[in-house]
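To keep things simple, chains are lettered A, B, C, D, E, F, G and H as they appear, and every chain counts its residues starting from 1.
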Amino acid sequence: MITEILLSGFGGQGIMSLGKALASVALKEGKYPIYFPSYGAEVRGGTAYCFVKISEAFIASPLIENPDIAIILNQPALDKFEKGLKKRCLVIANSDLITRAPARKDIQMVCAPLNAMALECGNAKVANTVALGILIALKPELLKKETILEFLNEAFISGELLTQNIKAFNKGMEYVNAAKG
Amino acid sequence: MITEILLSGFGGQGIMSLGKALASVALKEGKYPIYFPSYGAEVRGGTAYCFVKISEAFIASPLIENPDIAIILNQPALDKFEKGLKKRCLVIANSDLITRAPARKDIQMVCAPLNAMALECGNAKVANTVALGILIALKPELLKKETILEFLNEAFISGELLTQNIKAFNKGMEYVNAAKG
Amino acid sequence: MKKTNNKVLISGNEAMAEAAIAAHCHFYAGYPITPQNELIAYMAKRMYQENKIFIQAESELAAINMVFGASAAGYRAMTSSSSPGISLKQEGISYLAGAELPAVIINVMRGGPGLGNIASGQSDYFQTTRGGGHGDYFTPAFAPASVEEAGQLVCLSFDVADYYRTPVVVLADAIIGQMMEPATPVIKSGFKKTMPSKPWALAGAKNRAANIVKSFFLQEGRLEMHNELLKKKWDMLRKNEQRYHTYKVSDATCLVVAYGSQARIAREAVDILREKRIRAGLFRPISLWPYPEKGLRQVAKKIKRVLVVEQSLGQMIEDVRLSLPEKDIHFLGKAGGGIPRPQEIVQALEKLV
Amino acid sequence: MKKTNNKVLISGNEAMAEAAIAAHCHFYAGYPITPQNELIAYMAKRMYQENKIFIQAESELAAINMVFGASAAGYRAMTSSSSPGISLKQEGISYLAGAELPAVIINVMRGGPGLGNIASGQSDYFQTTRGGGHGDYFTPAFAPASVEEAGQLVCLSFDVADYYRTPVVVLADAIIGQMMEPATPVIKSGFKKTMPSKPWALAGAKNRAANIVKSFFLQEGRLEMHNELLKKKWDMLRKNEQRYHTYKVSDATCLVVAYGSQARIAREAVDILREKRIRAGLFRPISLWPYPEKGLRQVAKKIKRVLVVEQSLGQMIEDVRLSLPEKDIHFLGKAGGGIPRPQEIVQALEKLV
Amino acid sequence: MGKVSITKDACKGCQLCIAFCPTKHLVLSRELNKRGVRYAKAKEETKCVACGFCFLVCPDACLEIYTET
Amino acid sequence: MGKVSITKDACKGCQLCIAFCPTKHLVLSRELNKRGVRYAKAKEETKCVACGFCFLVCPDACLEIYTET
Amino acid sequence: MSKKFSRPQSLKETSTHYCPGCGHGILHRLVAETIDELGIREQVIGIAPVGCAVVAYDYWDFDVCEAAHGRALAVATGIKRCRPDKIVFTYQGDGDLASIGFAETFHAANRGEQLTCVFVNNACYGMTGGQMAPTTLIGQKTATTPRGRNPLFGEGWPIRVSEILAGLEGVSFVARTSLANPKEIINTARCIKQAFSNQLEKKGFSLVEILSPCPTVWQKEPLQAMKWIEEEMVKAFPLGVIKER
Amino acid sequence: MSKKFSRPQSLKETSTHYCPGCGHGILHRLVAETIDELGIREQVIGIAPVGCAVVAYDYWDFDVCEAAHGRALAVATGIKRCRPDKIVFTYQGDGDLASIGFAETFHAANRGEQLTCVFVNNACYGMTGGQMAPTTLIGQKTATTPRGRNPLFGEGWPIRVSEILAGLEGVSFVARTSLANPKEIINTARCIKQAFSNQLEKKGFSLVEILSPCPTVWQKEPLQAMKWIEEEMVKAFPLGVIKER
C-alpha cells in the first residue's frame, strides 16, 4: 500500500521541511519514501507544496494521483488542491489561515489553529511540526512516534529549536487525543 | 562536352575576375557555365584559385575532376595543381613568376611573360587578360573573340581600363599567332 | 549580376540574398562566417538601397534574437550563417518556434564538428530536421540543388514561414553557396496559399487589446495545450509541404537518394550509369523536413536497391530508413569536406546491382 | 543527506552532484536554471570543501567553454543545465566532440520549446542523440530512472568520457532531478576498462613536444580523415556501450518502451496490466545513444505490440522504429509538462491488445 | 486632508506602507484577507495627509489616495 | 658594425624591412624566391648598423642580425 | 474628494506573483505611470526579461514581447529598427542584463539604439532561487556563494553597469536610483520618465539602473530590505545621474 | 660575429599563412620572444582564437589550445583554474574578443582571472574577408559597411576595449600599443612582457591591445598600412599604459 501525502502552505511555513521530515522518518523505519517538491518560479509569492509517497516497498511511479492525506496550511492551498483530493482524504488544516469551509463533503477535515499552537510552543515557525503531531496521532500506522522523536533529535542538534519542535509535536498529538478523549 | 578550366595565382592577380569573365562570356554565348572559387582563409597569403566548367547544356556536377585547361600565374599554383591536371591539359603559364619546369611531360604548357606583357599594356594588373587572349587564340572553339570584346566593353564602361584590357587581350592573341605564324 | 536572356550569372549566396529582397524581407541581421560571407555582404549593400534594415550583429545569438524582435514586430526577417554559427542559434530557433514567429534562417553548411573547416558539408541534417534546439518542435527545411533553386527556396521559405507562423531553414551547402551558374532571378515563390495577416504583431496597443508574443506558459496544462496546437501545425506541414524532385525514376530499378549539391553530383552518376545500361534513378528531397516520405515510397515501389549519398557520415539515411522500413538501404558518404564523386557513386551502385 | 542503512534520502540533482565529486570531477562550471539549481548550489558548497574548482559562469556558453579548457588541461570537468541552457551549449559540445575532449554534461530537462516552463519533459531526446550541434558527431547519453541511478550514470559518464575521449550527456528529467528517494551513494561506476592516461593534455611542453588541442583541420583531406577516425569511435561506442534494463519481459507479449522517470511510471502501468492478466513488459533504454537496439531486438522477438511512451510528442520512437523496422509501433506521449500517467498507459495498451 | 483606501485582497502584508506612513496611522489587520495574509488598513482615516508615501512604496498598487479639491 | 642575413625563401616581399632600414641598404631582389615573390636582400652588407629595425618589423622572421662582439 | 494617487491605467488590475515587498511590483507601477503620463500607451512595446519579471506582460496593459534570457536588447533592437515610430523599452534583471546578456547589452548601447532600458539591480538571481548576480555585493551569501561573494575566490567584483555603459558614445542617459524610500522612488520615476522622453526625442540609448529589494533571496523583512539598499547597496552602487546629454 | 637579433626558440621554423606585411606575424614573434626571455616556454599554455590567427599553434612551439570564436578567455579560465602553476594566455582578434566574445572577455577580466590577453586590434575581421569589427574606424569601408562605418546608420562607434576593461577591479594591467614602427614594436614587446610578468606575480588580469596592420583588408601596401595606424588609428585608439597596478 502506498500512502500519498500532499503538503501545502506559504513558503516559510516549513512545508518543504515537513515533507522531507516525513520521507526521512519513513526511510529510518525501513520504508520506501518518495518526496517531490514544487520548485522554481512556482514558489514565488504564492503557495508552496510538496508531495510525499510512503510505502513498505519500492515505489515505481513518483507521481501523486490523489492524496490520501493533505496538510493544508493556508487558504490558497485549500483552493488549489481541494478538487484533487482522494475521497475520504484526511485533511489537516490550519484554521488560523483558512477562511472558508471546504466545498467537498467527502473528505475528513481536521482543523486546528496551528499558528496559535505554534506560538504557544514559543516559535511561530513550528506550525508544521504541530501538524505532524496531529497527523501521527490520527494515523499512528503511518510512522512511529519514536522514530519521529529520534529524527527531531538528529535534525536539531540541541537547544531551543529542538525543545520547541518536540513541544509542537506533542501539542499536535495532544490536540487529537484531547478531542478523542 | 564539358570543358574544365582551372585558374590559379596570387590573390590580386585577377584570377577570380578572369574565371568569372570566362563564365560570363560563356553565358552570353548561350552556353552553360559553372564558376567555383576558392574562398575564405584558404586565400590568405597564398594562392587563390577558381574553377570554371563550360558546356553546351546544363551541367549537373559542379565538381572539377581533372582540368582540360589550366591558367597558372605563379609557381605555387603550379606546385599545387600540376598533379591533378588531365593528360594533354593545356597549361597557360606565367613565365615571369614560374621558376621551374613542370615535372609532368604529358601536358601542353604554353609559357609567356604575362607580367611583362601586362606592363607593356600599361597596367600590371591585366596579366589575367593577356592569359585570356592566349587561351582564346589557342582554343577558339571555347569562346568567341567577339563575345569577349563585347563583355570587356560592358565590364569596363569606358576609359583607360578598357583600353588596357583590350590591348592585353589582343596581345595575348598575337603572342600565340606570332608563335604559330 | 551579369545578365543575358534573363539568366544571370550569380552565386548561390547572392541569389539567396537577392531572393530575400524580392520576397520583401524587411530585416536582416547576421554575423560573418565562411562560406556565407557573400550573402551578408550582399545584404549590407542591397538592404540599404531598398530602404530596409541590415544589421551586422555582435554575434549569432544577437542576430537570431534581433530576428525574433523584427518578426514579433510583424516584419519579414532573416538571418544567415554557417554550421557553428547555426549551433549558436539553436536556443533562438526554439524560441521562434515556441512563440510561433515566422523567420527564415539560412545555413550554408561547412565541415564539422567543432571549428572543422570551410569546405562543403551536409552534416547539419540532424540538427536541422530534428530540432537542434530543445523542446518538441520542427522547422520546415528546404535544400536547394542549384543557384536558381536557392533563390526560389528562400522566397518559398518566407511564404511558408508566414503561412504557418514558423521559422524555416534553408539548408544550403558551401558548394551551392559559393558556385556561380546561370539563374533566372526569382519573382514568385510558387506558394499558392494566401498569406494571413498578422494581428498578433507588436505595433502598439492602439484600438485593440494588448498583444503578447511569448513562448512561456507557466500555468499547469497550458504548455501542454500549446504543444498540442503546435503538433497540429507540424502535422499540417507534414501533410502539405513535402517536396521533392526525381530524375529518370520511371523505369529505374535502383535509386540514388541525395539532396543539395550532392544530388547534382549524383545526377551525373545516374547519367553515367544509364550509359552503362544500368537503370538508375535519382530521388532528390527538396523539403528535408517534412521529409518527402510519401513521394519516396511511391517512387521506391519498384526499386530493388537504394543508395543514400551524403556529404556526411549518414544522417538523412535515417529518414530514408524510416520511409522505407522494408527496404535494404545502402550508404555512401564522406564528412569534413569529403565529397562523394560521380565515379564513386557509380561504383557503389554497381556493387549493389 | 539523511542516512540510514547506507541508503540516504537525497534528490537526483544532489545525487548527481555528489557522484561527480565521487568520480573525482575536478572542475565544474555552470549557470543557474530551474530545475537543476540544486545541483549547482550543491557543487558550490561541496567543490570548495573538496579543494576543487567551482565557477558560476556568466552564461551557459562560458560554462561549456570553461569545461573545454579544463578538459584540455587534462582534468575531469562537468557542467549542468536544463533545456534552453543546453541549446546554448551546442556549439561547445560540437567543439568538445571535434577536439575529442572528455566532459560530462548534465541536462535536467524541462518543458519546451522556447522558454516553455519548468515542469518535467523529455523533449530534448533528438537534440541529445542526434547531435544538436553541427557536424557528424554523437555524444553517448545516459538516462537515469532513479535517484541512485542518476548518481551511478554520472560516475559512468566520467569513465566513458575519459575512455573514449568524448563528451557524454546525462539526460535526466525534472522529476528525476527534483525527487528525493532512498539511494546508496555511488562509489564506483561499474565501467570495467582501464582509464587511459592523457598524454595529449595541456600542461606545458616540458620534456615532450608541444601539445595542441583543436578541432580545426584546414588542409585538404585532413578533416575528412579526422571524421573517419571519429566514426571508428562512434562505431566502437555503438558496439560496446548499449545499456538497457527490462522488467517482466520474459513472457511478455506486449512491450512498453520508456526511459527516465517515464519508465518508472510505465513500470507501474506494467504491474497494473499484469494484475489484469495482460502480459506486459517494459524495455527501458539506459543509453539513449548508442541506442540499445540489439537488446531491444532481442527482447522484442516474441512481442506483438510495442507502445512507446514519452514525455514528448514522439522522439525516441524513431529509434524504436529504426530498431524494429518490421514491427508496428504505437505511441503515447505528452509534451510541455504533460506526463502520461499509469492509467493512461494501461488504457493505451489495452486498446492495442 | 486626505483619505486612503486600500484594496484589502490585493495586499500581501509586506507592511512597507505602514513603515513609511509619516502619520503612522496605517496598521496590520487582525483578520486575514483572501490571500490568507494580514493586510494593511487605516487606523484613523482622518490622519492621512495625502503624502502618497504609502502609495509609492506599495509593490502591489493596493492603495489609492484622495484629497479634497 | 653589423651584418644582416635574410632567409630568402621565407620572405614575402612586404618591403617593411626595406622601408624601415635607417641606412637604406636593403633592396628588393629582381629574381623570385620559391614562393614566387621578389624578396628583400642587402645591397651592401657593410652598411648594416645592427639597429634591428628590419628584424623588428619583419612579419616573417626572415632576418637575423649579427654584431661583432 | 479626488484621486491623487491611483493605479495607472497601463497596469492591469491583476495581482502579481511577486513576493511581498518585492521591488518589481513598485517598478512595474512606475513604468506604467510613466507611459500613461507621456500618453504613449498605444505606442509602447515592452520587452519582458527572463527573471522574476518574466510575466510582466500579465501585469502591463500594452504590447509586450518575450525575450530569451539575456537577449532583451537584441530583441528590442529588432523591434525598434522595424518600427522606429514606436517606443520600445526593455525591463531586465541584473543576471539577465549583466551576466548572460552582457554582450547584447553593451553592443546595443554602443550602437546607440533608440531604446530605453529599465535595469533592475537586486543583487541576485531572484527567479532561480537566489544565486550570485554580477551585482551581488562582496560578502553577500547566495546559493552559489555560500561563503559570501569573495573576489579572492575568483567570484569577481560587483559590476557597475551604469558607469561602464556611460562611457559609450551611443549612450545618452544613464542614472542609478533606488526604491529604498518614497523620495528615491519619486526620483526613480523622474529618471524613468527622462529615459523614455529621450527616446521620444531620438537622443540614443537610455538606461536607468534601479536598486530594488528582493526580500526573499536576501532573507530580510521588506522594510529591512529597503534599509539594506540604503545602507549597503548604495556603497557599491552610488546613486545619481551618471550621464546626461 | 654573434647573433644580436634572431628568431626566438618558441617560434617554429615554419612560414606562416599570413598575408605579406600582416601584423600577426610580428606579434607571434613578440609573444614567442617574451616567453623565451621569461624562460617559461615549458610552462606556457596559449589559447589560439578563431580569426586569422586560428592556426597560431602551427607557428608557436609550446602547448596551445583552440577556442571557439570569442570564447578564448572562458577556455583560458578553465585551464588556468585547473593548472594555476602554468602561464596561460589568450591571443585574440577584435572580432573575437570584443564582438562575439565580449561577455566572456568582460567577465574573465572582472573575475580577475590570472591571465594574460594579447588583443590584436586590426580594425576589421581579417579571416572572413574584411567585415566591420567593433574597432572599425568611423568612415572605414568594409564588406559590411560599404558606405563607411557610420554611427548614424546604427553601426555603432569604435569600441575602446582597453579603457573599458581598465575600469574593472580585477584588471591589473592594460596598455595599448602599436606595430606601426620599430619603436612602437619595442614598446609592444615591453608591454607584453609586463603582462606576462604580472601573471607570474599573480597580480590579476592583464591585457595588451595592439594596433596591428591588416594590409589585405585595408587594401593598402604594408608600409601604408603602418602609416595608417600612426595617422588614423591612434586617433581613435590612443596609445599608452592605461592601467598599471
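Assorted remarks:
As a convention for this text, contacts are C-beta pairs under 8 Å (C-beta built on N, C-alpha and C of every residue); 3 or more make two chains touch, one makes a residue touch a chain.
In this text, all values refer to a predicted model and were calculated from it rather than measured experimentally.
Each step here moves to a touching chain, and the least such steps from subunit A to subunit E number 1.
Counting C-beta pairs in contact across D-G and across E-G shows that the higher total falls to E-G. Centre-to-centre separation of subunit C and subunit D, using mean CA positions: 29 Å. Inter-chain centre distance (subunit B to subunit G, centres taken as mean C-alpha positions): 62 Å.
Distance between chain centres (mean CA atoms), subunit A to subunit G: 39 Å. Per-chain CA centroids place subunit A at a distance of 86 Å from subunit B. Residue positions of subunit F touching 2 or more other chains, listed in rising order: 12. Of all residues in subunit A, those touching 2 or more other chains are 40-42, 45, listed in ascending order. The residues of subunit G that reach two or more other chains are 16, 18-20, 22, 54, 66, 68, 81, 99-100, 102-103, 107, 127-129, 134, 154-155, listed in rising order. All chain pairs that touch, listed by label, are A-D, A-E, A-G, B-C, B-F, B-H, C-D, C-G, C-H, D-G, D-H, E-G, F-H, G-H.
Residue ranges of subunit D in contact with subunit C, taken from their complex: 61, 83-84, 86-88, 90-91, 94-99, 109, 111-119, 121, 123-124, 126-127, 130-137, 214-218, 220-227, 230-231, 234, 312-313, 315, 318, 321-322, 325-326, 334-338.
Partner subunit B is touched in their complex by these residues of subunit H: 16-20, 22, 52, 54, 126-129, 216. The touching residues of subunit C, counted against subunit G in their complex, run 26-27, 29, 53, 55, 57-59, 61-63, 65-75, 77, 91-92, 95, 99, 202-207, 210-216, 218.
Across the complex, subunit A is touched by residues 12, 32, 34-36 of subunit E. Here subunit A touches subunit G in the complex through residues 11, 40-41, 44-46, going by the rule given at the top.
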